[in-house]
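Labels run A, B, C and D following the written order; every chain starts at residue 1.
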């Protein structure tokens, strides 16, 4: 199927030009309204305060101005020297790793249950996992905070039987809970679609060869659904990495995730240059994750036999 | 969940089977009173079958007749509602597929695309905990059996359909199964390859003396490779017989129609004429002879159409208010001409059962 | 082709129809009626300030100036201060309309510092002539002080009979009553900022305090170290072992719900909250001394290039009239910034001990920004 | 048998926890919309009331926000479709230099936190006269939908068998007719999913909308930030329920297609 699809893509000279032209509008939109601001912002973080950046430069505090032609890393050096920033980077990475791992385990559980057991219940579980997709993140964050907070559901239930459950509001673990909640739908959709598309016959063949369910899953289903799983992983990780709303509502004052730090450096500390340094940090981390995505896709493109 | 099973499998087969079924002691596979409903619809009903050691039995029937369901019950992918499956005297009905001594070749081959040919074939052995050196040896032997040693390092996606089919066969054979199950193994191959591969399969099966159950809807395939054929219709076995017997002496109208070509009329041919009646008369096209002149028991017919088939000619005739087809070799009759036909041999069915 | 045209046409029509559906928030009021000037007020703060504008200032102003309409928008806790400041900066540089004519609170002082605001002095805002010069000066040239408020120590009288009277006794009380005290992070609201400033000031000489209130001196910020060490040592004694809520309102909620016993709160929020019943009568408030909690003026700002500058200036000046100052005093318990003598006797009585002149002002805006960051870096979670 | 029982018990437990995890917070908040007050640690509110609904409906600012959100989301979907679908067709059907790089590039800019771009964006929007305009807001919203609107339909277009189009051409249909009668209907499920995702993305956008739209155009999410922090929790609950209605309708409409793997297809680079 996949091979024929690729083969079906036409590549004749005039059609190729037409295709290129048709593909341009969204790219131009992005280049102008996101690409250009990104370039300017990175320039500003390197100390270039002229041009459109002069607006920001006019009110910024603790600004580092470029002394050489290409700029200065002074703002980056300053941030890296800040213990708080290093802690926040670490916490952001930790929350990202934890959330992604939990999301992946849940999504795999839901998808495998749907694939191997099937039936109405399994379908209902999968549908349940997709519900958060339709709830605005602001509401979700707020609902989760009230659910786990001091007077929330969890503590209320424990209090019924006389137990004192920990309050989870404003903790790092609350950010993980919130991130898992909001990221689950995409992962469930990706992973279950990948696992659903593993044909019955190859699973049967593995069982017939003497593999139990666990072994079939490990040796056949997971490798065959590898790309959707990688995509689910990378997009979940990138999403959590740069998230603002969930940690802003549910997280503690310290340590804080980088997405919230940006807002604070902008608004509360009036240090836009440092805020952009944080944004660039997130971008660099996200790019690292994106490389995994691209590698997986090109790997599959090169061995066209899946 | 399942009924208690006697270890003396039934030897009763559908009425009047000419080929005597294997004695219980010989039977490598016994299916006893299998029943299966899917979605509230009976798919397999009261199915009994015994397959002798080293025998190749074909389950033949139209799509939806329950033959694949039967095979999947034997393999363990489906649990029968009632009945028992006994392999080599051991009741395996309750076992999951991975613990059954059977190996299956799937219609779609079901090769694992992320493993090389070698790894595909080696996988069952690795699961059994066979040593590395022995795996290499046995995989190589299996691939040699199907003539594929040169593709050992290839991914399944890079080799042709016929080759994939042979890898699937090697993967089943390498397990040295007590029972080989083939689910429409040739249906995804083109006509020429199909003939070649089925001969290869038969040759390997006989060389290894491996008990085999093959599912197909293709009568040519069934007739050419089987020791015996079980024709299925509507969840039941209609007849179990050797190929020649099945063709020559179908026990039911369904079997007669499904296997080979058939002229079917309501009525009888008697003394060179056609008499309409309630019973069904079936005549194989090769059992109608054509003559230029009238003779005993001939009746006049007109040649409507001539369809050459290479080695023989199919002649479409009309006469006595019927349309008949006859096969002949040699001279080609002129379309529109008047000739005389004689029914050399016929079968009669009442309510679908053979009466003469 | 016909189908294509139909689809495109249908899409275009739907799009156009939808464009018409987008609703400007000013549509309902005055923007549509011709000939009127509209002053767009942006409040960066809490809801009680919005109430003040909606009920206390705007109706009277519109009545007195039939040609001017006022629309009021609230940006709670200055949630979007960064967007709004960016927008104002870009608008001033590019000489376009920022969509704001008068800003109350939030980033006003930051904007004043950057020179984005129309200069404010008695010549442009006549009402300012009644306001003490120091307060105007702290506005950075563009900020118009229009009300004052101070931070008080609120406590649950059912649990505490005799509240602490000085900072030192307060700190001792916090340590003696684990988990019963908290304050909001300074960046999220003034009451927390005031507590932090007050603890920091404890270790600063009066001269240094004065320097940080009237200008920016980064070198002097190193003198905060002792104060931050003190604040850090409080972590384990604070609510849930170091939970600092976001915003003044959340602290009040914790206090009202009985989750904590004591907290710094804004005087105006506290008084109006008790009026509406959101804060139970059992919660009482007092001022501490040595040093006292800070308080200060809230500032208005008018962007340099506001198209409705004249009307906005008029509105700012109106806010300084004795009548409005009295409304501020009575509705949200804000401190008047004009001499008390100009106000009714009843109001004079309430505020005689709490005139802005007697309040300890907060730090200069840039210093506050640095303090916010330093607190974030040094206190929570350490 | 015992093993199967254990599996079933574990599975039921997992399911129960998942239900609590996913639906619990929503219900806990939802019930509040009808609660007078709620005392810890009771599992149900102290009393029931519809008072908060009346208050939300009476609040003019909130209803304007609802109306704006319901306007901008479909508008964004239409504009995004017009801009992106031809590109999606090109990505799905043509092979040209830089095709994959362009596909990745569309996503790459999304990984940069938007919060870092407000200042430059504000300057640009002023320079182009887009500040406080419907067009400006739509641009901000469309930016957040481009990935969905190109990637998913591109995969859907790519999956339409060439032979079906050729058969239609062979039968005498013009290229445009083939596109509208054959290609588009077959790719429609993918496009539908892209539209749903775009709608939700637009519906959720808050920060950029505030930058460009303030003070003229405020949407539900921009109001939601102040609402949840400021109004009584019950009103936030009412608002949450209202906000979820369009989403639930969408869920009902497109559930089959979304679960059907259209989304997943779109995210694989081909």
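The criterion applied here is as follows: a contact is a pair of C-beta atoms (placed from the backbone, for glycine too) under 8 Å apart; a residue touches a chain by one contact, two chains touch by 3 or more.
Treat the numbers as computed from the prediction; the structure is a model and nothing was measured.
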{"item": "Contact-graph separation of subunit C and subunit D, given in steps at minimum", "value": "1"}
{"item": "Centroid comparison with subunit B (C-alpha atoms), farthest chain", "value": "C"}
{"item": "Most extensive contact between chains (C-beta pair count)", "value": "A-D"}
{"item": "Computed distance of Cα centres, subunit C from subunit A, in Å", "value": "36"}
{"item": "Whole-Å gap between the CA centroids of subunit B and subunit D", "value": "54"}
{"item": "Chain centre separation (subunit B, subunit C; CA means) in Å", "value": "87"}
{"item": "Subunit A: positions in contact with at least two other chains", "value": "55-56, 150-151, 263, 266, 272"}
{"item": "Interface hub residues of subunit C, defined as touching at least two other chains", "value": "82, 86, 89-90, 93, 246"}
{"item": "Multi-chain contact sites of subunit D, meaning residues that touch two or more partners", "value": "115, 118-119, 121-123, 207, 225"}
{"item": "Chain pairs in mutual contact under the definition given at the outset", "value": "A-B, A-C, A-D, C-D"}
{"item": "Residue ranges of subunit D in contact with subunit C within the complex", "value": "60-61, 64, 67-68, 70-72, 74-75, 78-79, 81-82, 115, 118-119, 121-123, 125-127, 131-132, 134, 137, 174, 176-177, 180, 207, 210-211, 214-218, 222, 225-226, 229-230"}
{"item": "Complex contact set, residues of subunit A against subunit B", "value": "3, 199, 201-202, 204-212, 215, 219-220, 223-224, 226, 303-306"}
{"item": "List of subunit A residues in touch with subunit C within their complex", "value": "54-56, 58-59, 61, 82-84, 150-151, 167, 169-170, 252-256, 263-272"}
{"item": "Contacting residues of subunit C [partner subunit A, same complex]", "value": "78, 81-82, 85-86, 89-90, 93, 107, 110-111, 113-116, 185, 187-188, 240, 243-246, 257, 259, 366, 369-370, 372-373, 376-377, 379-382"}
{"item": "Of all residues in subunit D, those that touch subunit A in their complex", "value": "11, 14-15, 18-19, 21-26, 28-29, 32, 38, 40-43, 83-84, 86-87, 89-99, 102, 104-113, 115-124, 139-140, 142-143, 146, 149-150, 158-159, 161-162, 200, 203-204, 206-207, 220-221, 224-225, 228, 233, 236, 240, 243-244, 247-248, 250-251, 255, 258-261, 263-265, 267-270"}
